[in-house]
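I'd like to ask you about the structure that follows.
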Amino acid sequence: MIENLLTYIIFTPLLGALVVLFLPQSKTSSFKWVALGALGVTLVLSVVAVTSFDASVEGLTNSEDQLQLVDKAEWFSVELGSLGKFSVDYFVGVDGLNLSLLLLAAIVLFIGAISSFGIKQKQKGYFGLYLLLSTSVLGCFVALDFFLFYLFFEFMLLPMYFLIGIWGGPKREYAAIKFFLYTLVGSILILIVMIGLYNSVYDPVKTGIEAGVIENVSEASPDMISSIQYAVQAGQMESENIVKSFNMISMADDANYLPDSFLGKNSYGEIFGQSARWMAFLALLIGFAIKLPAFPFHTWLPDAHVEAPTAVSVVLAGILLKIGGYGIIRTAFSFFPDSAFHYSWLIGFFGLFSILYGAMNALAQKDLKRLIAYSSVSHMGFVLLGLAAMTVEGVTGAIYQMFSHGLISSMLFLLVGVLYDRTHDRGIENYGGLASKMPKFTILITIAFFASLGLPGFSGFIAELMVFIGAFKSSTVIGAIPYWMPVVATLGLVLGAGYYLWTLQRMFFGKFWVKDKAWRETLVDLNAREYVMLVPLVILIIWFGIYPATLLDLINNSVEGFTQLLILSVE
Amino acid sequence: MPLNTILLLGAALFCIGLAVVVTRKNAIAVLIGIELMLNAANLNLVAFSRFDAVELQGQIFALFVITVAAAEAAVALAIVIKVYQHFQTANLDKINELKG
Amino acid sequence: MLIYTIFAVYAERKISAFIQDRYGPMETGPYGLLQTVADLLKLLQKEDIVPLAADKRIFKVAPLIIFTSVFAGFAVLPLTSDFGGSQIETGIFYLLAIVSLDVIGILMAGWGSNSKYALLGAMRSVAQIISYEIPLGLSVVCVIMVSQSLNLQEIVYQQGIFINAIDPNAQNFLFGIKALGIETTHIGGFLTWNIFRIPFFFFAYLIFFIASLAEANRAPFDIPIAESELVAGFHVEYSGFRWAMIMLSEYGMMLLISFLGAILFWGGWNTPLPNIGAVALADWTSGEPGTIAGHLWGAFWLVSKALLTVGLQIWIRWTYPRLRLDQLMNLSWKYLTPGAIILVLVSALWRLLMI
Amino acid sequence: MIEPNLTEFGTVLIFILGAITFVSVGLIAASIIRPKKPNYEKLTTYESGEETIGTAWGQFNIKFYIVAIIFLLFEVEIIYLFPWAVIFGDKELIQGTDYTWAWFAITEMFIFIFILALGLAYAWRKGYLDWVKPVNRASDFKSPIPAEAYQKYRD
Amino acid sequence: MQGISADIAWLAPEITLVITAVLLLIYDLIFKENKSVGLAAIAFVGLAFSLALLIAGWGNIEGDRILMGGMVRLDGAAIYLKALFSIGGMIGLVMMLRSKQKEKFFKSSETLLLFFGLVLGTFLMTTSINFLMVYVAIELVSICSYVLTGLFKSKKNSEAAMKYLLFGAVASAVMIYGMSWLYGFTGTLDFTSTAFAEGISQVSIIPLSLALIMTIGGFVFKLGAFPFHIWSPDVYEASPTPIVAIFSSLPKLAALAILFRFVANLDVAIIDWQLWLGIIAILSMTVGNFSALWQKDVKRMLAYSSIAHAGFLLVGVLAFSESGSTSALFYGSIYLLMNFGAFFLVQLFENNEGKTSFDVFKGMGSKVPYLGVLLLIVMISLTGLPPMAGFNAKLYIFSSLWESWQTEGSSILIWVLIFGLLNTVVSLFFYLKIPYYMFFKTREEAENPVTGSLTDKILGTILVAPLLLLFFKSDWLLNVLNSINFAL
């Protein structure tokens, strides 16, 4: 095991970005190799991280003990006089909830880098920004300090904005600003909650050190911590000794809320006549739902996808959307499980609605990329549904769905990119019978379509199956969402099959026909680089469809810890 | 003279000044209105100063207000002259190069 | 009270008329005393013309303001040791302030007339008056610094043998310098006048006098009303009684300024004659304050001093040529004002010597 | 002579009212006896017999405004000088503080005056005090007095 | 008497400024030609010296000190702000030196004198606790500002100056009238005294509210917050850029200090000033941001943005607490930096094209990428996104607001919080406009390309680097601010 592994994973791309920045403009061809190299290193390190992960560790997800590969150092702390102090840590670590996503991010970013080789103009800027984006995405998945998380979460927007806005399609500027604004609204909601949270939460270990109860971090035994927590809850701790904290793990523990704080479980803080906790939960939920994106906050997604260059679409669909889901798991549900239960019906409903609405929209699209974008909305609805179920299977399914969708949608966007490279057109109606002209391409896209619509043998099947099982069980196990929701959700599968098969039929089968005669020359089958990007994805999709235990074993304990947390709070 | 009378006078002066400022379109007229408002304040200050027999802060304040008002008037006149040179008018409605 | 006012108005008219007399024909009535009356009667009969182009209200009100402001200035002059208008503590300050209103009247007159001559005259007049107001004010400040009072009566008291009437412990020294040790408290006379008490006050008075000439629009600072250039300056459009008011206030201004000069520098109603040992000239030529003798002596000394100054002014008018506007401004800003500032500084130090 | 309940400023007011009364009475008297025969010629603006063109309310030499502004500056200075002048040489204060008071007050005011004098110097140096001198046009008039004499007089 | 003489030592920085101004004037009077170097040097040394004095005074001051017979109260915050203003002044000076209109600035001492008057005024504003002193200080700043606005000869200049003056004069007249009433109510001009607090507690609510609103209105005018903001866009557009940079930062922060000290003595139970200021803050942010959206001129846009930022600064006053003052100071410091950074960089482009419309920035991202990135950083910081210090500033100021809300529960506070943060989104629209023009648009004609001299790049970096640094290490500044004493 390598020391500070996660830190290396996060900052290798940043290092790459710096290299790109300082390389002279003349070495244009080297930028992509630098990017590929940096992300390759990241991928290898991520695999190392996965292999060195001890899947047998158990525990509630609000305890730091179950975290692995932890890197923790004090970033800065500020004395607030009589109000104690607050501290911000550099705190990264993995557990079952984010490990799979870290791996996914590393894979997709690497493949995205390969696909970026097609970029011809302003390569320096492109690869620099791409590497910056990589850092912030990776950081977002492993950061466990809310401040750090927020930094990565927000910083993601800038490179994304420029990547879409400079290298995108004809309406790129509009799409870029729309993307930026939507996400920013979300992050503002998150920021409000973050402000509230750090004013409410203290770090028991640091408070103990400040109060002189313990000497240093290594001495902090669970007993010690609970005695400190008891002291604070009983109001026996001097207020200047209290260290407020951004620690996301601490925030998930009710005992770490200050007794007079607004957001503590037993406080009766109210905002506009509603429980402060409920409002905070909703704010977080909406903040991340925009990113996810769930109906009705999804409208930025089709625009952003359509206008973004292929690699950026891949990253966007493959990783960025997952940050929304991950954020809901890590923050909204973890911090306010009781509120989550209170609103589970609503969440389930919006999940359901996203599934159906996304699918129906997809059915109506004429642009292939738009179709895939809406299918993403539909698929991410399953994530919400699985989470709303609040059962082990549901949450597992949600995480699995994120992972699987990351791979599948990346592949889909890459394939659309392949087509777009050749003709600069994505209209479904502009093609016909491509199978005869591009057989290999057709095979791959058929695989991707089937994987996406949830055919058994592909990873998407496992994910959706688990979500359904979880959702069906929910009403008996915990009573979070009613029975009819998963039933209706199956309609989404049918619709999915509908639009994919229809598209296949329209575009690939039958007699070869294209709108523009010139395309007959340009439409050639896949080349080597494209194989390099696509084949690994196919393998992964099938592997995780046939042998899901690879992933399930890794995440199982953490998911159980997580759902236990939910159940505990409900009881 | 009873305090109330002076205060009422001050208030009246202030209101007249404000009315002039709001309704008049000529820059000079507006300045005169402002001057009225300042003098209303001065009146108040001097009147209240009666109760501050030791330090007479109000009177000193009024003195400063007068001075500053004079300086302001000097600057104002200079600026109005400049404006007049450029726009050939001191009508505030016609001076609207800057918009938005 | 009314009686007093009427008396004061009458006295003022009398004095004003008296001065007008000096350059008017001397034939009317016995000793020309009726000239005033004749003038007034004549002016009363004149038609009151308000030009068509004029701003009527401003035009009509202007003479009133000019006259009132000058006349109100007389209110604080201490005529004798116990008789004078108002005894307000801020006498000199008030005097300067109220007389400044004159400027507004002049400007209104010029503006209201809507005549190029009048307006130009008014502008020049105003520019001149305000320019000279600075050295005037500064030279007055010099006196105040030494006397530590704004009350004109008190200033006068300090300049004579009755100094102890207002402050039992006060002493006067030759040239004001205590270190010389020559006490003049009871010697009085011209030795205790400000202009002798503080020798460089001669320069202050010079500045004061020049500035006051300009203030009153008198020659050689009479370009605002220069007959040859501007016909008659700001009052070119006036006629009849309104014109009389303006002329009256001009002469009133002259007198006022002369009074002020006498009070500030030449000992006011104090006698010029000192007590020399047993020859108590000062005691003989001034009555105890409050007595009839005091009134008479005081009035006599003050009026004669003032009239002497007025005489000087008239003499100067016929002696010196008129200054050009640029020369006029130069004189005020480049010579008198810096000079007055220096005098203020010197006075401050002198005052320290006096304690 | 002065009624006890009248303040000193009351006297001043009486004077002012007196002046107004005098003027008003005079005007009323005049309006009774004076003739009233306005005609156009009388009512025109006097301009040495020329017909008046336009109104006189036009623009003036900028110098007038500058003088006004500089005047304002110094008049304001004098406002502060008056109260200071009355108090700085107060005997009790000076002797009570062993001359500290006097020196403090004098220094303070010297600085104040110095800065204002700098303002004057600035205006002087920048030429704001120089009134536009009249341009001497060569005259056709044959004067018995030599031109040099005029020149000497002008300067 | 002795007391006052001893106090003078504490006012050494102010006296330094006066002496510098006098020296500038004398220098200007003595020399005729080529004065620019000398003038700039004197001015710079003067500011640096006052900064040094302030830093020296920092160590000596414990608690707070009432000087000049109750006119002035010096505390840590005042010294800090003054030091900040000195730095701001120096940056402003550098901006003048780098301006294309350099000759106009340094032709004679006029501009610099007024500039020093302005800085001196802001110095005094930070310490004043007496209405008289407040008034004089505010007017000193104002009058200097009016003249500075109208100093250069152009149509726009004079118009802006007149508008500024008329608004300013009305605002100060209203303020002084309010003050006169407060003086009448309390019999004292010292608004930190107990007599003042007692006095206002005995007045009935309506007259008291009126007087307070009038008084606060004057402060709000200097702060440039709604509803007294109307002057600022015109003034910003027309005035020379370095002057605008000064206008938009120094007086605002100074007004903030006054407002802080003033409301400190108002009991919320008697008069709900939090509600008023809350509404002003919300409206400033909203009006400022929404108006900025439609602007075509960068300086005008920044003017509206400064109105919005005034709203954010008010949040610090609203969250009236220890951490509120600290975070307001933090926000103020960062705002000053961002603001100078923005105007400095805008000026670089302005120098080239002679105007500040958005078109100037078209396609500049690829021509001068370094400057483009600097400007991007500043804009992102102004929006308040990580990883720039603007984010920390917003975070701290809003968390102090949250904290007060948690303890006081006044619902206006949470509204301000929500509106403030949502306004960030709106502000993104127009702040991103510059990067948008720089990086997304291309310009056809290649004439007159900005190269950006090395000096400019270095200066720009010096201005912008702290924004990044203070994000990652905001505790450096924050701990300093926590240690200083804001005497309220």
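By letter and in written order, the chains are A, B, C, D and E; residue numbering begins at 1 in each of them.
The working rule: contacts are C-beta pairs under 8 Å (C-beta built on N, C-alpha and C of every residue); 3 or more make two chains touch, one makes a residue touch a chain.
From a predicted model like this one, the values you see are computed outputs, not experimental measurements.
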{"item": "Contacts common to chain B and chain E (chain labels)", "value": "D"}
Clusters that remain linked by touching, chain E excluded: A | B, C, D
{"item": "Chain with minimal offset from the mean of all protein Cα atoms", "value": "E"}
{"item": "Greatest separation from chain C - chain, by CA centre", "value": "A"}
{"item": "Taking each chain's C-alpha mean as its centre, the one farthest from chain B", "value": "A"}
{"item": "Chain pair, most C-beta pairs within the contact cut-off", "value": "C-D"}
{"item": "Inter-centroid spacing, chain B versus chain A (mean Cα positions, whole Å)", "value": "63"}
{"item": "CA centroid of chain B to CA centroid of chain D, Å", "value": "22"}
{"item": "Centre-to-centre distance between chain E and chain C (centres being mean Cα positions), rounded to whole Å", "value": "52"}
{"item": "Computed distance of Cα centres, chain D from chain C, in Å", "value": "14"}
{"item": "Of all residues in chain A, the ones touching two or more other chains", "value": "none"}
{"item": "Overlap residues in chain D, where contacts from two or more other chains coincide", "value": "68, 75"}
{"item": "Chain-level touch network, classified as line, ring, star, complete or other", "value": "other"}
{"item": "Chain-chain contacts as defined at top", "value": "A-E, B-D, B-E, C-D, D-E"}
{"item": "Parts of chain D lying in touch with chain C, wherever the complex brings them together", "value": "1-3, 6, 8-12, 14-23, 26-27, 29-31, 33-38, 40, 42-48, 52, 55-57, 60, 63-64, 67-68, 70-71, 74-75, 78, 81-82, 85-91, 94-95, 99, 102, 106, 109-110, 113, 117, 120, 124, 129-134, 153-154"}
{"item": "Partner chain D, residues of chain E touching it in the complex", "value": "1-2, 4-5, 18, 22, 25-26, 28-29, 108"}
{"item": "Sites on chain E touched by chain A in the complex", "value": "322-323, 326, 366, 369, 380, 385-387, 391, 395, 398-399, 402-403, 406, 411, 414, 417-418, 421-422, 424-425, 428-429, 432, 436, 439-440, 472-476, 478-479, 482"}
{"item": "Contact set on chain C toward chain D in their complex", "value": "1, 4-6, 8-9, 13, 43-54, 63-64, 67-68, 71-72, 74-76, 83, 85-89, 93-94, 111, 113-120, 123, 126-127, 130-131, 133-134, 137-138, 141, 144-146, 148-150, 231, 236-237, 240-242, 244-245, 321, 324-326, 328-330, 333-334, 337-338, 341, 344-345, 348-349, 351-352, 354-355"}
{"item": "Residues on chain B engaged by chain D in the complex (per definition of touch)", "value": "63, 66-67, 70-71, 73-74, 77-78, 81, 84"}
